[in-house]
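My questions will all concern the structure given below.
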Amino acid sequence: MKLRNQVLVLLAAAWTAAAAFANESSALKEPTVVERLADIEAYINNGARTPDVASKVAGPGPGHNGWLMTSAALVLFMTLPGLALFYGGLVRRKNVLSVLAQCLGIAGLVTILWWAVGYSLVFAPGTPVLGGLKFAFLQGVDGSPNTDYSAWVSHNVFAMFQLMFAIITPALIIGAIAERMKYSAVLLFIGIWMFVVYFPLAHMVWGIDGLMNGAWNANAKIKAIDFAGGTVVHMSSGWSALILCLIVGRRLGYGKTIMAPHSMVLCMVGTAMLWFGWYGFNAGSALGADAVAANAFMTTTLAAAIASVTWGAAEWIFKGKPSVLGLCSGVVAGLVVVTPACGFVTATGAVIIGLLAGFIPFLACVKLKPLLGYDDALDTFGVHAVGGTLGALLTGFLATHEANPNLAINLKDVVGNTLWLHQLGAIGVTLVLATVGTALIALVVKLVVGLRPSPEDETVGLDLVYHGEEGYIFE
Amino acid sequence: MKKVEAIIKPFKLEEVKEALSELGIQGMTITEVEGFGRQKGHTEIYRGSEYTQNLLPKIKIEIVLPDQQVEAVVDTIIKSARTGKIGDGKIFVLPVEEAVRIRTNERGGQAVS
Amino acid sequence: MKLRNQVLVLLAAAWTAAAAFANESSALKEPTVVERLADIEAYINNGARTPDVASKVAGPGPGHNGWLMTSAALVLFMTLPGLALFYGGLVRRKNVLSVLAQCLGIAGLVTILWWAVGYSLVFAPGTPVLGGLKFAFLQGVDGSPNTDYSAWVSHNVFAMFQLMFAIITPALIIGAIAERMKYSAVLLFIGIWMFVVYFPLAHMVWGIDGLMNGAWNANAKIKAIDFAGGTVVHMSSGWSALILCLIVGRRLGYGKTIMAPHSMVLCMVGTAMLWFGWYGFNAGSALGADAVAANAFMTTTLAAAIASVTWGAAEWIFKGKPSVLGLCSGVVAGLVVVTPACGFVTATGAVIIGLLAGFIPFLACVKLKPLLGYDDALDTFGVHAVGGTLGALLTGFLATHEANPNLAINLKDVVGNTLWLHQLGAIGVTLVLATVGTALIALVVKLVVGLRPSPEDETVGLDLVYHGEEGYIFE
Amino acid sequence: MKLRNQVLVLLAAAWTAAAAFANESSALKEPTVVERLADIEAYINNGARTPDVASKVAGPGPGHNGWLMTSAALVLFMTLPGLALFYGGLVRRKNVLSVLAQCLGIAGLVTILWWAVGYSLVFAPGTPVLGGLKFAFLQGVDGSPNTDYSAWVSHNVFAMFQLMFAIITPALIIGAIAERMKYSAVLLFIGIWMFVVYFPLAHMVWGIDGLMNGAWNANAKIKAIDFAGGTVVHMSSGWSALILCLIVGRRLGYGKTIMAPHSMVLCMVGTAMLWFGWYGFNAGSALGADAVAANAFMTTTLAAAIASVTWGAAEWIFKGKPSVLGLCSGVVAGLVVVTPACGFVTATGAVIIGLLAGFIPFLACVKLKPLLGYDDALDTFGVHAVGGTLGALLTGFLATHEANPNLAINLKDVVGNTLWLHQLGAIGVTLVLATVGTALIALVVKLVVGLRPSPEDETVGLDLVYHGEEGYIFE
Amino acid sequence: MKKVEAIIKPFKLEEVKEALSELGIQGMTITEVEGFGRQKGHTEIYRGSEYTQNLLPKIKIEIVLPDQQVEAVVDTIIKSARTGKIGDGKIFVLPVEEAVRIRTNERGGQAVS
Amino acid sequence: MKKVEAIIKPFKLEEVKEALSELGIQGMTITEVEGFGRQKGHTEIYRGSEYTQNLLPKIKIEIVLPDQQVEAVVDTIIKSARTGKIGDGKIFVLPVEEAVRIRTNERGGQAVS
């Protein structure tokens, strides 16, 4: 319940004053009519605020703020329940709850880390590789925009939107080690991994003074771009997943007993929720409901659908039947590959991405994995590492000013030219950080709490052993 | 008394039940089971992983009945359950020493009529 | 990641320039302060832009654009996973994946068609019965609004919003032929059906120069109105479903073996998702977060809830028990019938619609179907054809300027007068196109790939036969 | 389909005129440029409109309106399917549909009551304890804002948003009496309960002239605050649930036979949907996409996640294992406790709330319930009554102007001072109204239709007995 | 040795199990089955389609035991499973020639005690 | 002919099946059952409520075979199903009077070979 006519004029003034104060300009001048107009127009354009005046609209802009709240909720929905169901459906019945518990536990754990220092380490100004502690405990992170990132979206909404990315990224990893890792080990691993891999990487790519933030940091050494997280989210989780599943080892009975998905229905529901939520992930990453968001919305749709058809067609051709898991895998692969590119490419670019996204990860999951014999249980590596790397590279070739005029600011000379080399640089940094970091953390965790359940516990199933519950009681 | 145990293909259950009803059989017990035999199972592929299911869903029908009805029942099941293809199933006959109807405490033939 | 203060003033200018260019007026004059104000007010009102000036807010308006992105995502959610679960829950366990695969496959296939020519054939200017190819491959469909349809929503978002309608419409058809049609036949049928039935019909009703676009085409021969798709979506799919299920024939064992829904839980979840997503479908069809959308939001809610109670009550009275399937069917029927009307009728109108929507489709499903003996497996005809036709007709009687001032533009003399005759005209055209088109396509598909699985395959279930997977593995 | 350039200038004028008329000022003066600017700025600030002029933007503001439509849909999603799955997963297989039918039936029934008189009794001006009948049958509830509650959101969208609260509140009650109450008795009970408990209480707390509306009614006797429903939603339902489950009695076999949840998977999915939808519930209660909403979005996230970790940790410590049900219960408890506070407290406040929310309801469910022996089947009392009461009290201590400048309007002297005493007053009124009301209604319903099924029916399960359906048919 | 097979109503299982435990029975095997008999099943209606389920959920209990315990076990089951209404179920007694405890290789009576 | 009924731990099924195949057994029927015995079940806690599941999931294997194969089959099952821990299960041998292959009407030993 919020509004009454008579008093809110006062409040608007209060916000203005507060914001003015926040801007640390103690004596801003009153804006003229034209400046007031320009300010409002900036809101509609999701553009820069009129400088040096006491803005009459100092708070967030409702259209952009509303869209980012919607987007943040959508990205949470991707993990809970989206990813939980996508992964949960793919494991055996006896381990379904362990997947849900891991997703829930990661959501809780990462939120606490984010509140304490995580947000600050990523988005506060600092060094090129890590942010400072200015925003620790979310101090100063309130309803006014942080114009380093967005002129019209509340700082706290931005912080929550980014939190949702910090939740889903480690949650992706658990697909690789599903059905065979201790609950305590999973949480401990992720807790350390956030500090070693995620916070630095996210700062490097998205932090205002980040090493690889080509789009917004004019001084970035590596002029790479990553619209919604090809390196930060998918490569980091996917490559970590590979190393972790190698260290943890294969599931008992791998290759001998049937380990088919216990519920393709849940898996498909999760896929659909991921697609739905991904609009928040990709179009939300425009940080406003503007034309860049609109473009991301379109490219996301095209890539997902086309990759789904491509994967299904590949199965039909090579295996004789298009499976629901294939169609679902294609959707997810398309979304993964288009993630770094979605705000930078045209519809035509998205179609190319969709085609490759449906085929290259298909090969990784269906040919490479059996060939090499690692037990990447739910194909986190095949989809997210391969897809994320592919996406980062394709962004280098397909990004264009036409799709996003912002590319003309700091990257005029790079885009359409040597951008792909910078992308390769970012790929390299990400790959090294994720794999080396994961290997070290996994060894530490192994020493401290151990990684795997006993064979008997693994046979009984993690649900009963670690959570004392069963997924379904049908009799 | 005997127990007739028949393992049949699931989609034949309705037909067998009807045929037995017509014969006057008023009681039986049905269990979902899985059969292992000559019939080949289907193959499922999930991304790279291939599983051949060699256990096939079957239905077990159990009927306890007086000795003299055994032959008719066996014949009826054969007729109604047969498709002529591998996997049609088996019928076994076992001796039963006693039968009781819990509700009435009736014993023997009366219990199962 | 998108915004930095210093540079975006430039960008806003760039957009303006781009848009000016797009408007093909090479030398637009600078707007005055009052014109700038009027432009911004137009955004808030979702009204027409100030003509003939170089708008300072040439891009989309964030409030409307954000709502349409949300709506587009919601409409996708209706199909994936909404409809997939609603239908998937109603089939037998052995066919649940076939339904999901059909929904996924249709989403992929239709997206490709839409990208290539579909969007253009519907929404590019052309003849009264079919659009042109101006927007083929989504060329020119970018972040600026297409003012033929909306002044403040990005053209590409509009195109994606409409894509979601093009996806769910054919997906509705599969309810009628569930559990007994080849996967290849389904996809081939739908692929042709889009060209023969959907694209022309959608252009006629919604295209700017469409034959039956009474609301916006002053030259429309048939001055009919259809806010969110009573004819285009529900009648077209529902009548096609009837013809197709007659041609395909009944399921093996129909009327003899038990064909009860394998999971009423999934069915109810799907229903709830449909309801949720339908707010995007109906209120989104206002193409902005304005008062017309607000009205559609209210009427949609009222009709859905009241139809649910009505159907449940009818069951309680006539069958002795209100079932969950009945309550769900009522929700869907209410939503179907209010679809063409939602932006044109008042709360009172919505209540009347809810009552009839709960009762007439109830009769169609519960009395008519057993009487005539066709195997409309999941009642696509009973709910969507009967409901869509009812809705189109009721719109003729209940539409009023009071609910939507836009009706005063081209339809001043018709609304509240002879509108229902025009609606009958649109019903007739739709019915003929859908039934004749479907019959022809079905025969072609039968010849080319055949419509049905072998009896043995049908007995085993489509999941294993066409997709090599099982819905659930619980042991 | 909505827009054409040439004509909408006319329409904007029409809306202006209509709104002017609605404002009952027959001759408003034309606004000056500065007044027009101020009006637009008020929209962005979600502030008060420029008084006494014929506003050029008399309708709703798209950013706020879009967000409230999104929020209303999200709150519906909380009940259907969110709560239905959360509760449905926790009952035994044979009663799952009865829960779904109760949620669906309540949604339908309450919508009808709301349309007829409910909305009016809550939100029309009246006496301090009950509203008048001005808005009966939603008359006059159209697309223009009702400035008593919000300057920029359509009145009908506000009415639908509030309807969703009126639906979920009684639906919460059924958790306590799950698996053992007649369907007719549930509906009859809820029907009366809305009049006796919900409508008066909601008016007292949120009505513009309500007795306990401390934030907006300067004359409120009890200067309490309740941002999104700690008293109105959670305390009212939770305390009613306790009384009702005492009167209905325990489930047959309670304490002897296994009554474990039949699907923890559904329960977790429901939890995640509740969390997702709760953003509409809490941030939507700002009635606009402004900085207050942004703050509520952040506090909601923090409280939910931290309570989940706390509950899980408590289980790990006291029971040896963190369960999925524990993690889910924590999420819901966190959301419940932060509900009244979310728009009034800072991030630090939310963290404190999260910690207490994870622990106090844990004790209520895990220690108190077995101690006292009542059969609150799904812990409605333990989570919603205990949590809601805790939240209302904590709001008294933690609310601060810093988080919400609106608290400075009518509550300057109270907040940070004696607010907690007013909160205690509101707690007392709510508790008495809910418990006494419920006891009386339950006795009436017992006399009229009886409360419980026969033991045989209860043994067979409510799904077959009252709805003639089964939740799952897997063979 | 004998095998006692009892078909009972599912909600009686807990009671029967308890009664048998009191009698000293330490092992049994339980199967979910479906029974066809005189007891009428329920009817389900899904929109226009009506299904009468004539297979009712039942529980089969199997106990292998030495001959001398048979009578007591049968009596106990009758008492604890009876409701007096149609569908209470049946008890069958079958001969068993050998029993083995897998863990210890014990045979005969020892295997099942 | 005899029927060999073995109750084993579910995770041993694959091993037992393989061992029997090697022995030349070409048919068997498998049922999911629940066992009650000395083996203790797990405890589940849902908020305040604690449930100890004393029924444990087991697998029942049924094989009908000529008398002379009984011993070998029983031995094979014992070897492949044994873990040495409580709950390994039991094997029972029952007499069978007749066996029929539905597809071919073959009787007796031929029906099950």
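Order of writing sets the chain letters: A, B, C, D, E and F. Residues in each chain are counted from 1.
The working rule: a residue touches a chain if its C-beta (ideal position, glycine included) is under 8 Å from a C-beta of that chain, and two chains touch if they have at least 3 such contacts.
The model shown is predicted, which means the values in this text are computed figures rather than measured ones.
A.B. asks: What are the chains that subunit C and subunit F both touch?
C.D. replies: In this structure, the chains that contact subunit F and also subunit C are A, B, D, E.
A.B. asks: Can you list every chain in contact with both subunit B and subunit C?
C.D. replies: A, E
A.B. asks: Counting C-beta pairs in contact, which comes out ahead: E-F or A-B?
C.D. replies: Ranking A-B and E-F by C-beta contacts puts E-F first.
A.B. asks: Could you check which of A-F, A-B or B-C has the same interface as D-F, with more than half of the contact pairs identical by residue number?
C.D. replies: Most of the D-F contacts reappear at A-B.
A.B. asks: Answer with same or different: of all residue numbers used at the interface between subunit B and subunit E, are over half used by both copies?
C.D. replies: different
A.B. asks: Can you check how far apart subunit B and subunit D are, centre to centre, with Cα atoms defining each centre and the answer in Å?
C.D. replies: Each chain's C-alpha centroid was found; their separation is 55 Å.
A.B. asks: Roughly how many whole angstrom separate the Cα centroids of subunit B and subunit F?
C.D. replies: Centre separation, subunit B to subunit F: 18 Å.
A.B. asks: Indicate the whole-number Å distance between the mean C-alpha point of subunit D and the mean C-alpha point of subunit E.
C.D. replies: Their C-alpha centroids are separated by 49 Å.
A.B. asks: Please list all residues of subunit F that touch 2 or more other chains.
C.D. replies: 31-32, 44-46, 94-95
A.B. asks: Could you check subunit A for residues that touch two or more other chains and list them?
C.D. replies: In subunit A, residues 33, 37, 40, 43, 61-64, 66, 70, 258, 260-261, 319, 321, 323, 325, 468-470, 472, 474-475 touch at least two other chains, as defined above.
A.B. asks: Which of the chains touch, listed as pairs?
C.D. replies: Applying the touch rule to all chain pairs gives A-B, A-C, A-D, A-F, B-C, B-E, B-F, C-D, C-E, D-E, D-F, E-F.
A.B. asks: Which subunit A residues qualify as touching subunit C in the complex?
C.D. replies: Those in contact with subunit C are residues 33-34, 37-38, 40-49, 51, 61-64, 66-67, 70, 74, 92-93, 147-152, 206, 213, 215-216, 227, 258, 260-265, 268-269, 271-273, 275-276, 279-280, 283, 285-295, 297-298, 301-302, 305-306, 308-309, 312, 319-325, 327-328, 330-331, 343, 347-348, 351, 405-406, 408-409, 472, 474.
A.B. asks: Tell me, which parts of subunit C touch subunit B in their complex?
C.D. replies: Listed in rising order, the residues of subunit C that touch subunit B are 253, 256-257, 459-460, 464, 468-470.
A.B. asks: Would you pull the subunit B residues touching subunit A in the complex into a rising list?
C.D. replies: Listed in rising order, the residues of subunit B that touch subunit A are 44-49, 51, 53.
A.B. asks: Under the touch definition given earlier, write down the residues of subunit A that touch subunit D in their complex.
C.D. replies: Residues of subunit A touching subunit D: 1-12, 14-15, 18, 33, 36-37, 40, 43, 56-57, 59-66, 69-70, 72-73, 76-77, 80-81, 84-85, 88, 96-97, 100-101, 104-105, 107-109, 111-112, 115, 137-138, 141-144, 154, 156-157, 159-160, 163, 183, 266, 466-475.
A.B. asks: Give every residue of subunit B touching subunit E within the complex, in rising order.
C.D. replies: Per the touch definition, subunit B meets subunit E at residues 3, 17, 26-31, 64, 94-103, 105, 111-112.
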